[in-house]
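Next come two complexes, and both contain chain A; in the first it sits with chain B, in the second with chain C.
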Partner chain A sequence: MTATTALQAEKVTPRHRVRRISDKTIQTAFILPTMVLLILWNIFPLFYSLYLSFTEYSVISGAPPRWVGFENYRNVLSDPLIWKYFALTGRFALLSVGLQTIIGFAMAMIVRAKFRGSGFITTLILIPMMLSPVVVGKFWAMIYNPTFGPLNYLLGMPPPRGPDWLANPEFALWSVVLVDVWMWSPFVMLLCLSGLKAIPEYLYEAAAIDRASAWFQFWRITLPQVAPLLMIAILFRTIEAFKQFDVVMGLTGGGPGDATELIAVKLYRIAFLGRFDTGIASAFAYIVLIIIIAISNLYIRYLNRLRGEA
Partner chain B sequence: MSHVELQHITKRFKTVTALRDVSFEIQDGEFFVLLGPTGAGKTTTLRVIAGLEKQTQGHVLFDGEIVDDLPPPDRDIAFVFQQYSLYPNMTVYDNLAFPLRAPMRRMSEAEIRQRVYQAAEILRITHLLERRTAHLSGGEMQRVSLGRAIVRQPRIFLMDEPLSNLDAKLREALRVELKHIQKTQGSTTLFVTHDQIEALTMADRIAVLNKGRIVQIGSPIDIYDRPATIFVAQLVGVPRINLVDARCEDGTISIVNSPVRLPKPVSRELPRTFKLGVRPEHVQLDPQGEFVGELLLIEPLGVESILHIKVGQQSLVCTVPGMTRHKLGDALRFNLVRDRLHYFGEDGVRIQV
Partner chain C sequence: MSKKLHLLVVFALLIGLVGAFAQPATAQQPVKELTILWAEWDPAVYLAELMKDYEKEAGVKVTVKQEPWGSFLDVVSKEWAAKGTAFDLVVGDSQWLGQAATQGHYVELTDFLKETGLADSVTAATLTYYAEYPTGSGRYWAFPTEGDANGWAYRKDLFEDPDEKAAFKEKYGYELDVPKTWAQLMDIAKFFTRPEENLYGVAIYTQKDYDAITMGVQNVMFSYGADWKDANNNVLGVVNSPEAIAAVEFYRELWTCCAPPGSSNIFFPEVNNYFISGQIAMGMNYFAFFPALANPATNPYADVTGYFAMPAGPTGLRFAALGGQGMSINAYLPPERIEAAKELIKWFGREDVQMKWALLGGYTCNKKVLASPEFLEVAPYNAAFAETMEMVKDFWNVPVYADLLEVAQRELHAYIVGGEGDAKTCMDKIAQEHDKILRAAGLIKEPAKSE
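Now for the complex of A and B:
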């Protein structure tokens, strides 16, 4: 008996040696590459750009960064043009996110009811947000085109009567807003839909028995129950609106003049066109970051208050 | 006056028939309980009366009038759901006042206030009126739900297992309160439950529902003492009724696989084989008892003890008051109370003797 056990032990040992990698090692082996990439691509640039934001530096000049303290920040914040672009971005965010909220919520209310083909329609509605923003920008530029674009035809204004949407300073921002709304309302819809589906039917039944009006049911049952998810959708979309870049580049490139010069577009110009003002661009990027964090924080605080009540 | 009648209600969903030919009447001021296991069709019955579901066949009558086509708001009913259906962003006061504020009622704020306070006092939730319902405990929420029903003085209260989400102690307390409120207010109530204790303690009359059919309608005493089928006999009563195979030969009843022999009741013939039912309290210990068995298991509950007695190959359950001094393995003598035995045919239907 003892002999057999010893024999078995002998047989088992070499196999054990092959598997000698401990759980800890495996854990490290999986995490390490990600950590290295994260540090290289995210954390290092974060701190390096913070350093650069305090220097006079251009990536194409060949000269080393020269420490200038807060001068870059002073320059950016005292430039009236930058403030104009911030205001423009704020307006863009307000219009775009506002419309997305209303349209997304309305679409969610419509597809919430189960009808023949509602699943298929929901999927169709979600397609725009799966597309690449640059592609979206390019083909909407074609739709808007005053000579061959279908939009003016559909509006009953064939050329040469229809407006040039993207070249007209009055319409350009609205044209960008429209595309952003087209692309991202489905995202708001998706979040609202999951909120709507979680509302138990008996709440509506109880309200109906109590003779509550449809308006009351919406105001007191539907909206409060969806509100937390709706707020998250608005938060995400607001942050994205402040970072909006690729759709604008695809559509107008910031023009005509500076009618659609959102801050992200302006930032791109400072950083990668003309003199490549890396130092100033870094400072600008940090200012944008701080503003986005501030807005998000206000939102999240409001959101938590809302949760506390519900 | 509020009198509710169901006439031959059948309700089919896509693939299942939830109710088959259900008929009963609820009298004015009556506490009527629908009792049955999960999936028996209790809630469907309630929803048909409320108008939340439309029956496939049959009629619902309120005070003798057919109301089949009236939508829920026009039926003047109050519905208490199993889950607390409160508006989470409103205070308790506003939740209670809500049904009274429907524009068509044209009730003054002063009267609303008076009614809300009256209901709150009955349910002892006056101190909660200013709180938001999201911050209430389960018991408090269900009280508010009940309050929202009683402020209105509707034709009938429909309650769908309102106590089943509460813990045992709270359930017991609210059960007593609910019965008290119903009796003092004289409100007509249809109460749905799967809990036989709730049914027995609260009901004026009970309708037992199984697989969409009414099996028996009667007072709690009827249901307990004269169950119409084996299903009813087993559904009602804790511990469960003893049910054993029995044979009837030459005027003697013998319990299969046991030495127990009883004389056949004179009034009526019995089939050769049938089921014999004996409630645990009718297996009575007696030192001079006719039968003898071995004590197999004791479940002491305090107020009573449940004894499992082995007789031949059969096991009978018996209850004795208080804690018992008997020990496992003791030989116990007992009697069966003759006029309290239940006879069921092979089809499960009671044989009247």
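Now for the complex of A and C:
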């Protein structure tokens, strides 16, 4: 081999190496870090907590997990208090999501019409959902305060006549619902608004030519066209309602007694706050997950049916 | 050939990396810094100030790391779970003792405290509640650091007003003064409850989240002769004794009649806020939060604020719910850091250091310092504090304390704030659930007896 040929060979070698890295390899190299992170932060905890849900284990005890089979699930499902809190959460979700749907849709119908300052008003309406839920909870606790809070004044019941909303077991859940509705109706409005704006104008024109009433147009055009997006909003809000924690802790701490003890709050008490019953908390979390998946499936099936019809 | 060479280079690099990150096998270095973890509040600031002296004396820099109260337990627990060494010492709550001792998070300090004489330097009650587990075993896991308990602040301007005094005497037949009994406290609270003037008799703990309402109720319960357990840990017939039921009824009446509307989920900051805003005549709080009331910059009534210890129950018994913390050593430290931490505690327990700790604003547990005139006079609430520390009592500190606490919080809050059911039903429920939890944890050995 002459010196020139050797030099040429050296020059060629790196290019050959570069060529050897295929598109597939580059693709893998880019995806790999994300996959590793996903596995470490999402997939592994998911399966590890599934394993822990079958063990007697406290994360701070220093003792290794002890396999107990379905005992944790039995304990959770046979606890009458847990069922009480599930029922309470269901009631909260029904009230809260129901009101959010009605109010959110109504607000979308209002701001859909272009009028002077409608953009500004839409932005103002969206502010609550941009706030931190804990701040919202603390803020509303002050609004509800019967001594200095403005709510009782606005209702014409200045102190000492006004009720203590958060101390009364009858009113406490409604108080939390009201705050959740105030905070998240704008989210429903936003989704509905995008649905409303996507409805072709010719549908209304055709209906008008056929002399269809406003109610008929709403019932036969507006609602069916917005329904898929409305269902997505309801799905998201229902999932969130089952996970509601921050606002409750900021407002009532689950009280009075356990009048607002939603399942997420109860789960927090089992998993942390000195108890650290990690095994039971994991089983409880999986039960909640299964319920949320079941409800979501029902929604999605209904949504697909709606789409099919559309 | 070149491939082999590359492999060798990679291997050599790996060896180098491992070597760089491996612990050097050199002799133990002297410890030059230590970290104490505590909650974010004034006493932690005083402790940080005091530790500057230790740096001067021993050449060891001590950092007092503060965590907000809301996340303090979470931070400590995470460190326990990870067997971490982010802190060398922790000034932990008395209720954590059982969990920390049985699960091996704290270094046992029994021999150390006895040999150094530190065990004898503090009051018996603080040694029992801040350091000992199991109670009565003589095994210690902490050095009593910040003594604390519930007491009362009151508006002297209202209590000493001649018109108020005359009106009170006419209505109740005795002089308006600092209440000696809970019954008198109720009278005074009712007397000063004037919603039309936005003035209320008391602010008392009602918060449900962690332990507030239970701590508040305990003050009355213990003074009424009730308790959470008997000598054998039995709870049935104890937690729901007639005395306990009467105490809980009293607490509900006090809150219903005389606390500001809206105080349905309050703890120490809110009590102080009600006092500072002039809305209450008397406020129940931990002594550790009274410095804010004695400070004219934060309390416009500072000059007319007085303090008193818990009043007596119907039979003359007097008790106060214990707060406060002991300083413990993290069990996951290497031996040289454990020794350095012990040296720090030894220094901190010295009488002259304890006196400085007290003068800075810390609540010493040192017997001699507590009785000294300097301590009693340095702050307006210290006399009431010294009196209180002779009559403190605490909730459970066993490993399942959090389970017991959750039940007490839920049921007490439901009855006192929510008005659900009656006091007997409330205490019956607590007794039954406590019995179940304690039996499952093996803390009650005796077979269940019918009540």
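By our rule, the second predicted complex is superposed on the first by the 273 of 310 C-alpha atoms of A that agree within 3 Å, B and C clash if a C-alpha of one lies under 4 Å from a C-alpha of the other, contacts with A are read in each partner's own complex, and residues count from 1 in each chain.
Assume a residue touches a chain if its C-beta (ideal position, glycine included) is under 8 Å from a C-beta of that chain, and two chains touch if they have at least 3 such contacts.
If you're wondering where the values come from, they're calculated on a predicted model, not measured in any experiment.
**Q** In the superposed arrangement, does A:206 touch chain B (first), chain C (second), both or neither?
**A** Only chain B is touched by A:206; chain C is not.
**Q** Tell me which of chain B and chain C touches more residues of chain A.
**A** Larger number of chain A residues touched: C.
**Q** May I ask you to decide whether A:23 touches chain B, chain C, both, or neither, giving the answer as first, second, both or neither?
**A** neither
**Q** Touching residues of chain C toward chain A in the complex: what are they?
**A** Contacts found on chain C: 73-74, 77, 80-81, 83, 95-96, 99, 103-105, 195-196, 198, 207-210, 260-262, 264-265, 279, 401-403, 405-406, 410-411, 413-415, 417-420.
**Q** Quick check: in the complex, which residue numbers of chain A touch chain C?
**A** 59-63, 141, 144-149, 159-160, 162, 164, 166-169, 249, 252-259, 261, 269, 272-276
**Q** For chain A, which residues count as touching chain B in their complex?
**A** For this pair, the touching residues of chain A are 200, 202-203, 205-206, 208-213, 220-221, 224-225, 309-310.
**Q** Can you list the chain B residues touching chain A in their complex?
**A** On the chain B side, the touching residues are 50, 52, 71-73, 77-79, 81, 83, 85, 87-90, 98-99, 102-105, 132, 134, 148.
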